[in-house]
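In what comes next, chain A is part of two complexes: it sits with chain B in the first one and with chain C in the second one.
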Partner chain A sequence: MIIIDKIAGIYSLKSNRNKLVPWVVIVLLALVLLANDAHQNTIEAAQQVAEAIEDQAAAARTHVPAPKLTAADYPTVAGVNGRLVVWVVAQLHLWFAAFVLAVPIFVFIIEAIGMRTRDKRYDDMAYEFIKVSITAYSLTAILGGLLLFSLILFYPHLFTYLSTIFSETMLYYALLFFAESAVLYLYYYGWNWLQGGFRKWVHLTLGLMLNAVGTTLMLLANAWLTFMMSPAGVDPAGVFSGDSWAAIHNFLWNPINIHRFVANIAYGGSIVGAYAAFKFLTARNQQEKAHYDWMGYNANFIAICALLPLPFAGYYLAAEIYAYSQQMGITLMGGIFAWLFIIQAVLIGTLFLSANYYLWCGMGRSDGAKRYTKYIKYIAIVLVGSFLVWFTPHTLVLTNSELKSLGGPHHSILGPLGIMPAKNTAVNIMIIFTFLSFLFYRRSNKIATVSWEKTGNICQVALFSSGIANILFLGIYHGYFTNTVYKVAASIPQVVTTLVVIVGSLVLDSFIYRKSRDVGPLHWGRIPERAQYALFLLAVAFTWLMGLMGYIRSGIRQHWHVVDIMRDASAQAFTPTLGYAANVVSVAALLFLAMVIFVFWIAQVSSSKTLPAGYWKE
Partner chain B sequence: MRKFVTVIAFMVVAIGLFAGYSNFGIPQIEPAPPPIEEKIDLGSMTMDQYVALGERLFNGKGTCKLCHNSLGRAPALDAISTNAQERLDDPRYEGEATNTEEYLIESLVSPSAFVVAGFGKKGTNDTESPMPDASSGSISFSQAELTAVIAYLQDNAGLEITVEIPSDLEPVIEDDEDEDAEPREAFTEIRDIVENFDCEACHTITEEAGDAGPKLSTIGAKRDRDYLRRALLNPNADIAEGFEEDLMPDDLGQQIYASELEILLDYLTALK
Partner chain C sequence: MKIPRLLQAVVVIAGVYFGFLIVFDYLLGAVIPKSLLTMYMFFVAAGVFMVFTYDEEKTRELVAPVKALVEDPAKRGARNLVFTLIPLLIGYSVYSQLQPGFEAPVELRTIHPAPPSTAKIYGKRVNLLSLENPFRKVEKEDPEKFAALVSDGAAVYIKNCQYCHGDKLDGKGPYAEGLNPTPLNFQDIGTIAQLQESYLFWRITTGGPGLPKEAAPWISSMPVWQNFLSEEEIWKVILFLYDYTGHRPRSWEH
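Presenting the complex of A and B:
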């Protein structure tokens, strides 16, 4: 499949793609048909394997407990640090996978929008998005294979234990992966072929299937990792009950599913945004510039839409971890990882600021934006202020020695939960003001024609002010006048307020700007170059943040492979410091960057031709 | 090409800033290494050492301090002397304990038997405790460890210690790097002690021997018992004149049994 991808990729990305694509599609279809046959065989073989396993299980009647390991059970291979290898490879695989799974989600939506509005530009953009992701697809697969190898190589017992529990899901995972490849190639290479009327519907259906398969893939992989955090379907010794669904549907499965699903979309948007930004910077003419500006704008829009609900998904995840095990929750939010959330705050602040900055720069596309530019500095001040509140470590222990004096470095006792209301307030305010930036952007090219415009605006101001006042009141009240240890739940009314403001104001605005006039045509491409750097920053910050959060997710398991069931006895069982983790993440991020550049470069190479004079005989 | 380089440089710098902030912008806290299994000879332990073991377990392996601290996540345990009786008298109490010791054990191994008002899991109306069972799961105390923690809790609250050191030799898990320590019998003869810890490799005591450390033949005349205890357990606290620090082994405290330490101190103070 990978080879096909390369060959097909080389042919399809050229200017004469029109002639070649049908040909490629025919070959592919033939292959898919063949593969389908093989597929059938695989399924049968798989069923046989499954039956064999079943028989075996029936014979033994019981599953084995989780093995108790010693350091000698972890092979050393050529002096390589196994944990480091698995860590970096898993992270790289995750980055590519997140990207490759996220892009089809919004491509599907954009394609549907295009079909509805019959605006061909949407269809072209959707196609270009998927083109960016398809080049990354084979790398995802290669890295996945590498991850599998390194797990088996460095953690053979863990892998064996997990595979006795997840044998079925691993099988389905492999099968789904083939299905994903087939549908993806069909969806991509069939894009120009399946156009118009019924065919377009077939194509859209393929997009839906692609997403269904891709999301299922992610859910399966999430089950493995959440099982390691909150094992289910096993007894305290780790003996599997045989109920796969219980193991999959463990306590933290859905919280992680939700957070990842949303985060992946934001991440995918940000990477595509960086691609568009680069294309914009190197565009050769005005038309190209306009095109990539538009693409960058849409990518940023997608990223912001997914960014806004993320903090809530994050707190929900944290609350569920806390509910699963108070020990784990305190380790997450109150132990040595407390400082990680300060780094996280810096990163998220960077995300919000760069996304906003890009929107503000983008207002220059409209001649009507002048009416709003004067407000931007206030938004900027509020955003920076909220960011600082979020970032301030009020009750954190400051130094190593202070930490020791509080009772030793093992799970020390910090109290950032105590300041959660302040942080929640800041996050909600940040979200509301980011939304405000977006609202201004939307309005910048429009002139309302309804007679009650003024009243409408007063209503908007009232809505925003009362919303903000309510959020502040709730934050101050819960933060300083209540006395619960666990205050994360207190944020729910704040979240509801934020949502009410956003939805209410969107509805109101859509009425105010009904039958509105445009100030003039939007000047796509009229945006300063520095705005593109905001898009790069968005992508880098997202990538890095993902790596960091991957560290904490595994880190809170501490010296357990599977919490409370299977201990990590390797020399690498210790939790590394934040600085060390940050360095690993940074190196991995640089590797990722290099790979992405390589992928894009390959795509570029395939479209350049050298015509050596007199080399070939005439 | 220049644009390309600028963009790459921009991204590399951004990553560098994030990494730099994580390394230098915040304090680097070294997480404790995972606990290591070690055999301890309970038979030759003093009650003080046993209580000290309990304290280490409380702070380390037991992760008790994660919740039982000054932040109000769990009831303060130094007030348990009065609290325990209150719990037992509480009309809500349905457990099986009849005295403080039993109450403490019950609190550790079946935390939900009685949940202190206001501390239950959210939404369970104080019927379910968020505290993990200390005898299984991630804490998995052995019987000996559990009893050690009870001894510590009693001592810490100013109560009389009612538990006894179990006499059977069970492995005890502790945060200690020392792996090869096989249990040994405690020495009762001063000669055996001096020989075993090899003091004469560096010191002259009764007959001419090593000279890496000061002569100890009349040490009892110069130094009092407290000083000597410190000199043995924390040798770098004060350095004898004319000698270097870091020479006298500083791990004696981890190897010598309390009973042996007292015999040694009796002996040294008598050298006049």
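Presenting the complex of A and C:
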């Protein structure tokens, strides 16, 4: 039966191809005629013929339903596990892509700051960041090519089906990739050439173009993967309507776009932070240490800035997944992947803790920090307390004696902490206190000179207290005493409250510290070495987190290539155990980190010069 | 007398640990699961480590006793004792964990398994993604009629469901003690309040045997109610479950 199906499949493919070939030839002939014939009527007639042929060819192309595959439709290549190869390669590609898309975003901002302040240190730092991303860019392209080959080799029918729907976007993707490379090389190699006056503006414009092209590339690739999760522009049999925009603009496209855009910046910041930490630890003198300490601080600042809104973007994505499909939503957070979400919660908490720890350690750079360090223990208590709530699971792992003692799996105290309102409340408070750490760091080397400093501080305390009270009220009242519509909706005023506290406090603080005096010079480089390991931890936790969450996002499709439309009939269609998945992601993360260390090393090698005595003719 | 910082750190961690045990196990009467306590304590210890080490001088003070124990020739006796006791303690801990016990192994059961997109119920293929309670619209259109429907649902519940799920819908019916897994507590904010009505319909109609693969072990004793109740009766019971508990079914718009 399988053989018959296979033959039938091949025949249907071949017959479609046979139908298309003459039309393509005629279209080409028509085009040649168009080019050579000067007579207007002939051109119009030929155009009409060509259009008619094109319409027919398009119709033939678009009316192919998604193939119904069997295990025999998946080629076995040298006994290699196809899913594993595609999984690991896709993940490696994604890590590098996230990094190389993010770096130009903040390089552009840092370059602009340098232009505005005329502080060359910013320009040098921006250049060093982009230098690191250049090698990573080549690796991204290599891994992208490898992913393409892997898909064609191991999942040919899936690739064919997707390429019939996204043929146009794939073409634009390839063209944009060339544009991205061209602009990137101009931007990087022209850095020293395009300095000063109008030239610098040209260079900054190149940076903007680089970001525009890079972001468009990401949006296109996002359309392909979200189509597989929430297909649009096709009928239930998978027949494409021909409306490419409908397929691109599917239900989950924008939630993924927003989440990835923000997460990429945080991730890019963490990786260059790790680079700065690496350089700090290998620095040969105090000057180098000071430079890379400053670089690490800026990278951590970028990572934190993007990390703060990230939980909201993630929550929005998860809520939209749930809204699109109850099945996918429950699989994601209440079903089989729920325990990976606990690991996710632990890793996100680790990110917050290490980012805070780095800030606290960094207070040692200022002689005036002692005024604020006494508050650190209280910040730590709130952070750890919120973190414990953040990762308390909904389904508790109970021994039989615990089950008996509780009278069932329901825990009257911990149970309510396992659902989203508690998590949202906890993460908002974690964000506010992380911001408080930053505020103290910012104040540590300043002395306010305004007469109303005390009143300003009282206002700050009132702003934080009322914000926290509002977050708690929204979380507890709407989370537990109203229905789910309000429960989910309450997360928005919670986020708004957090943002109001952050922005309001920053504005207030900037007025309090207007015309402030410095306690003394900041001692860049005066930071414990273990703070650098906090930066490493940030990069490692981010990498692992992205791998696990990426697997979950893809895994919630379960046995579908394209949900409810194209079934995965391969021998590897099953959802692997959590342990296996975590192992694959961990090995991939180690591979990636090894490659990143190579990138760091090569960036170092490229700037070192050795002069072998007597080797060259004098 | 100033307490050494290392001792301070140990006291804080131990204090939090015993604090959890006292508050949960004795004061609140709801034991804290060992697995969760281990996770909690790992991050409490990490937090304590962070607070005790962000400052260079204070870190030196913290590690000074450890450094002295390792390096100070005068502390030879204490060093030998500690370096003997630590491996022994680790060995004992490993032995205790690996030693086979009589208690049944812990089962991690998914309480809310993901539903399929379609299911065969009452002999027809039902799309669970778009399925809605046919009586829900009556709630606004005709409150009196809706109250009657809820009352019908209550009667069905009392006749069929309360033996396990309890007359207060708290999962403590007369038979509940004899079941493992225990019947679901609908009053709990983490159960029906999180779910759409179509999910409840699927779980009630197909019962334990209709659980998907991921919901292993498939030992739920929930009957396949589509064999005993009509479709309308089940929708009415669902109305009653939400009405009695005061929860609202998960929905996306008003």
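One rule holds for everything that comes next: the second predicted complex is superposed on the first by the 511 of 618 C-alpha atoms of A that agree within 3 Å, B and C clash if a C-alpha of one lies under 4 Å from a C-alpha of the other, contacts with A are read in each partner's own complex, and residues count from 1 in each chain.
Definition applied: contacts are C-beta pairs under 8 Å (C-beta built on N, C-alpha and C of every residue); 3 or more make two chains touch, one makes a residue touch a chain.
Only a predicted model underlies this, so the values are computations on that prediction, with no experimental measurement involved.
By the touch criterion stated above, A:Gln326 is placed in contact with chain B and with chain C alike.
When the two complexes are overlaid on their common chain A, residue A:Gly349 makes contact with chain C while staying clear of chain B.
In the overlay built on the shared chain, the residue A:Trp360 is in contact with chain C alone; chain B does not reach it.
Look at A:Lys377: by the touch rule set out above, it reaches chain C but stays clear of chain B. Within the superposed three-chain model, A:Phe387 lies in touch with chain C and out of touch with chain B [touch as defined at top].
In the superposition on chain A, A:Pro528 contacts chain C only, with no contact to chain B. In the superposed pair of complexes, A:Met595 makes contact with neither chain B nor chain C. Applying the stated contact rule after C-alpha superposition, one finds that A:Val239 touches neither chain B nor chain C. In the superposition on chain A, contact of A:Leu472 is made with neither chain B nor chain C. The residues of chain A shared by its contacts with chain B and with chain C are 323, 325-327, 330-331, 334-336, 339, 346, 398-400, 403, 406-413, 415, 418, 485, 564, 575. If you check the complex, the residues on chain A that touch chain B are 236, 278, 281-282, 323, 325-327, 330-331, 334-336, 339, 342-343, 346-347, 398-400, 403, 406-413, 415, 418, 485-486, 489, 533, 536-537, 539-541, 544, 558-560, 563-564, 567-568, 573-579, 581-583, 585-586, 589-590, 593, 597.
Interface residues of chain B, counted against chain A in their complex, comprise 3-4, 7-8, 10-12, 14-16, 18-19, 21-23, 25-35, 59-60, 63, 65-67, 69-73, 121-122, 130-132, 136-138, 175. Residue ranges of chain A in contact with chain C, taken from their complex: 323, 325-328, 330-331, 334-336, 338-339, 346, 349, 353, 356-357, 360-361, 363-364, 373, 376-377, 380-381, 383-384, 387-388, 391-403, 405-416, 418-419, 480, 482-485, 528, 530, 564, 575. Those residues of chain C that touch chain A in the complex are listed here as 24, 28, 30-36, 39-40, 43-44, 46-47, 50-51, 53-56, 59, 103-104, 106, 108-117, 128-129, 171-172, 176, 180-182, 185, 188-190, 193-194, 196, 198-199, 214, 247-254.
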